[in-house]
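Next, two complexes with chain A in common: one pairs it with chain B, the other with chain C.
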Partner chain A sequence: MSTRINIGPVHPSTHGVLHLAVDIEGDTIKDVEPHIGFLHRGVEKLVETRMYMQSPPYMEKLDYVAPMSYDEAYVAAVEAALGVEVKERAQYVRVIELELQRIASHLFFLGALCNDMGQMFTMFMWVFEDRDRVLDLLQEATGQRMFYVNMRLGGVTMDLPPDFTDNCIAFLDHLDKRITEYEKYLEKNPVFIERTKGVGILSAEDAKALGVTGPTLRASGVPYDVRSAKPYYVYGKLGFNAVKLEKGDNFARYRVRILEMRESSRLVREALSKIPDGDALGAPIRLIGPAAKNRVVTVSRELPRGECMMYMVSDPQRPYRLSIRSPCFINLYALPHMARGQRLADLFSIMGSLDLVMACVDR
Partner chain B sequence: MISYSIITTWQGWLSGSSILLYAVAIVLYAIAILILTSVFAYLFGWVERKIIAKIQHRHGPTYVGKYGIFQNLADLVKLLSKEHVTPDNSDPLLLSLGPVLLLAVITFMVLLLPFSPTLQATNLGLGLLLVFVLVAFLPLILFISGFATGNKFADISAQRSVLMLISYEIPLIVVVAAVALLSGSYSISGIVSAQASSHWYLLLMPIGFIVFFIVMLAEMERPPFDLREADSELIAGWLTDYSGPYYALALFIDYTRIFLASLLIALLFLGGWSGPVLPGIAWLLIKAFVIALFAIVVRATTVRMRIDRIMRLGWLWLLPLALINLILVYILFVV
Partner chain C sequence: MDEEIDHNSREFLNAKQEMDQLVMDSMKSEGKPNAMFAKLSDLFKAIPVSSSMVKWSRKNSLWPLQFGLACCAIELMDFGAARIDAERKGYLLFRATPRQCDVMLVAGWVTKSMVPEVKRLYEQMTEPRHVIAFGECATCGGPWWESYNIVRGIDQVLPVDVYVAGCPPRPENLFAALMKLQEKLGGKVGD
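The block that comes next holds the complex of A and B.
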């Protein structure tokens, strides 16, 4: 006989306001039914009522762990619609900032995963020290710590400050050491290993069928990363390699993020060494946008959580329709598939390994 | 068999020996033990917050009192001032009885433990057995109060407490049997004096010590075995629907339980009150505190285990290890 328990929307570990109706039989999960919409704000509709460059602040609130990534995806869609070219130096600056943002997001993931497995916030506090240093760097580069709104048509609001390169390299050296420490700490812990290895397996076929993207997909053995599949900006020039692992379990999803942080660290170093001189500033915000060149555009971006697509139908002054393919929304619907037959305690480690942000799911 | 050692000590001071005097002495002693337990539990709570904060590169409580020493007191006052909400489908009597019974049983167990040769309520000949019978009661009380709240999360927590009981109670008793076999006594003071005449049992049976320590962590709901109040899945487990004073009591009991566990470990494996210069009770408390500190570090750094893994650990690792320990003790020291 199965029992239905309702987890959330107010619960210590649902990453925001997610309601899971879970059928359990003893301690085994029979089915999971995610109920979403507690954080729905109608951003897609809201954007239609605003001028093009009034919307980035809304976009940032969609993913409060990696705000800049969403901002950039939206601005890229506007640039594609209006036919604006991004300046060479600005491309580098964006890549550096986006990769730093990805590092911050993956660090957050590490802490949240350990919390979901019942640790006393220790990992969380440790990674927040490092994340704080990323925020310091982004503050130097953009002037903000949380919601940056630093993308402008064709460029960014601020160029990198003069001492940014040194600070950034110093941080990345520190980060590489810390990641090695985290690896040692977690991967030599037998309890962590048995809570992650072989738990919540998602096969490559299922992952593709469910439309899962991002680190979750790459942990299942599909080397699909927008940065290498459809390179944008200077990712092609920087020699980006998509990370791939085969197992598709919690451990692989954790491991993919560790490897991606290393790859991001390498990318930032590479970009810092190759960054050309010149102008990186974008056009000032004009409330009345120029006439759109392409009426229908689809822009695809690799966010820390997966592939985000911005489908935009544009009118001269404002978007006629914006549709966001949210990576978290689609990854969340792989959760029932992965959790069936697992233990109740594993539901939360699997959910933690998906790295969900509920604002991104509900939009 | 039963000799009231503390009473016999006090008989020297107070002339005459009526049954009333016995009763008064026992009650006074019980109150003293309750105060000692509370002070230890309170200090342990503060030290735990500070040490976990240190491990996590934070400061921990700083504002209430010097180094935040009164923070837990402030929390207690806050919880006591809150309303006790009784959920509709709960059993109010059992709900409120749970934490009270828990505190009563724990205090009773501490009362049975000797603090030094002269400082003990009574030297029971079978004290060791009585203590571990009572230890097995703790998960049953949690089971009852878990079901009494009528909350599904508390129900799951109650089921887990029984699953945990059957997975580590047998290794625990086997290790205790090895201790009794080695010391030739079922009385706890007898075990301590047997250690004083040979070595600490930590050195004589390290395997037994490790098994006992792990089981005690599980018994006292310390991480990584805190499945009954696993916050990530069960919110607060059996405590989910507790509020106000009973919640405060339950949180306080958490710390008294660790006091009990570390006292047991210190008495059975670390030579109890034996030690140079300082009085016996000071040595016992120092040893108990060091063990409690170790439990704090474990709490701060591990992730939680899963219930099936705990059963596997209990039956496939702890029980064989405990049996090996028993056989080794028999072969090496008894034969």
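The block that comes next holds the complex of A and C.
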């Protein structure tokens, strides 16, 4: 006989507001049913009522842990619809900012994961200290702390400030040391090992069948990353390698993010050394002119949480239709597959390892 | 399994009844350790609620509820983290259950499906309770003003004490908001 218990929508570990109906037998999970929609506010509909470049602030609030990545994906879709080329220096600036944003997002993931496991507030304090430094760098570069709105058609709103390179390299040197410290702290911690190794296994076949993307997919042994599969901007020139691990358990998903932070740090250094001089500023939309009617564009981007696709049908002044493939929405539905047969106490470490943002799920 | 459960039995009384019963029991026979409860409750009855001592203690022990809705919750977490360090002013006692809290920080947009939950949380908090509308969305609906599924400001549902502007407000603003709330509860707050 199984018992149904309800978790959420307000619960410290559901990463926002998510309602989970869990069927348990004893302490073993039989089934998990996620009930979503508590943050739904109809972004896709709102965007249809706005001019093209009035929408980026809405896009940033889709994923508030890594706002710039969504902003960039939307602007890239508009650029494709209008046929705008991105300037070369701007491509480098975008890559630098996106990778810094990815580092901030993965740092946040570490803190949230350890919080979900119940006891490691230390980790939360450490990662927020480093995350604040990333936000400082981005604030220096864009003028905002959290919602940057730094993308314009064909470029960026603000170029990098003169002392950005030095500050950024100093931070990355600091970060590399800190990541080693995190590894030492977590991977020798018996509680952390106990709650991650062999817990919540997702096989490569299941992951592919469920449409899971991002670090969760790469932890299951599928080296699919949009940055290497369909390189955009200068990722091809910077020699990007997708990270891949085989096990598919919580520990692999944690490990993939650590390796990705190292890779991002390397990419930012590489981009800073190769960045060309010139103009990086984008143009306002009135200088570019109206879009064609009924042009359908699909743009695919690798966000910190997985692959995001923007499907847009254009109209002269505003998007006729925008459909967003949100990575979190699809990754959430891998949770029942991973949780079945596990202990109830491990449910939140599994959910934490998926790195969900509920605003991205509900849209 | 088939045993009948008596819901009026001692084990199924709710907390208040149980506590009352405990106090009554202890008053009957002095000398038991439970006599402590009776004396404490008499002491609290003796102090008027409007006295300066009650005011002072309410002002200086704010217990916020750990309750995040959206973007502003990230800044709320930053408020508790290493750089801002809310604990130096004694604010960081975020509890996960509303029954231990008296300050609700509404951080994020409130959708129509979320209103019953927010209301229920508010009703579960201990009195006197206060609400801080943190950020544009909780203040007036913010960027989602025209959305079909949004409550335009939490003040349509709950009585709000302090509004904080910003999208999202910086964590420092939350300091100012909590100091404002303290001022409201009992006079000026020193630095």
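Everything below uses one rule, namely that the second predicted complex is superposed on the first by the 355 of 363 C-alpha atoms of A that agree within 3 Å, B and C clash if a C-alpha of one lies under 4 Å from a C-alpha of the other, contacts with A are read in each partner's own complex, and residues count from 1 in each chain.
Here, a contact is a pair of C-beta atoms (placed from the backbone, for glycine too) under 8 Å apart; a residue touches a chain by one contact, two chains touch by 3 or more.
In this text the structure is predicted, and so the values were computed from the model without any measurement.
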Exercise. Is A:Val191 touching the first partner chain B, the second partner chain C, both, or neither of them?
Worked result: first
Exercise. Which holds for A:Asp346: it touches chain B only (first), chain C only (second), both, or neither?
Worked result: first
Exercise. Where does A:His174 make contact in the superposed view: on chain B (first), on chain C (second), on both, or on neither?
Worked result: neither
Exercise. Once the shared chain is lined up, is A:Thr49 touching chain B (first), chain C (second), both, or neither of them?
Worked result: second
Exercise. First (chain B), second (chain C), both or neither: which does A:Asp27 touch?
Worked result: first
Exercise. Touching A:Pro12, do we find chain B (first), chain C (second), both, or neither?
Worked result: both
Exercise. With the two structures laid over each other on chain A, which partner does A:Met125 touch: chain B (first), chain C (second), both, or neither?
Worked result: both
For this session: Considering only touches as defined above, state whether A:Asp116 meets chain B (first), chain C (second), both or neither.
Result: first
Exercise. Both chain B and chain C touch chain A; at which residues?
Worked result: 11-12, 124-126, 129
For this session: Would you tell me which residues of chain A are touching chain C in their complex?
Result: 9-12, 16-17, 37-42, 45-46, 49, 57-58, 61, 64-65, 108, 124-126, 128-129, 131-132, 145-147, 358-359
For this session: Give every residue of chain A touching chain B within the complex, in rising order.
Result: 3, 5, 7, 11-13, 27, 114-122, 124-126, 129, 189, 191-192, 194-195, 343-348
Exercise. So in the complex, which bits of chain B are touching chain A?
Worked result: 52, 55-58, 152-153, 156, 223-224, 226-227, 230-233, 235, 299-309
Problem set entry | Interface residues, chain C side, partner chain A - complex | 66-71, 73-75, 77-78, 81-83, 96, 108-109, 111, 113-114, 117, 121, 143-144, 146-150, 167-168, 170
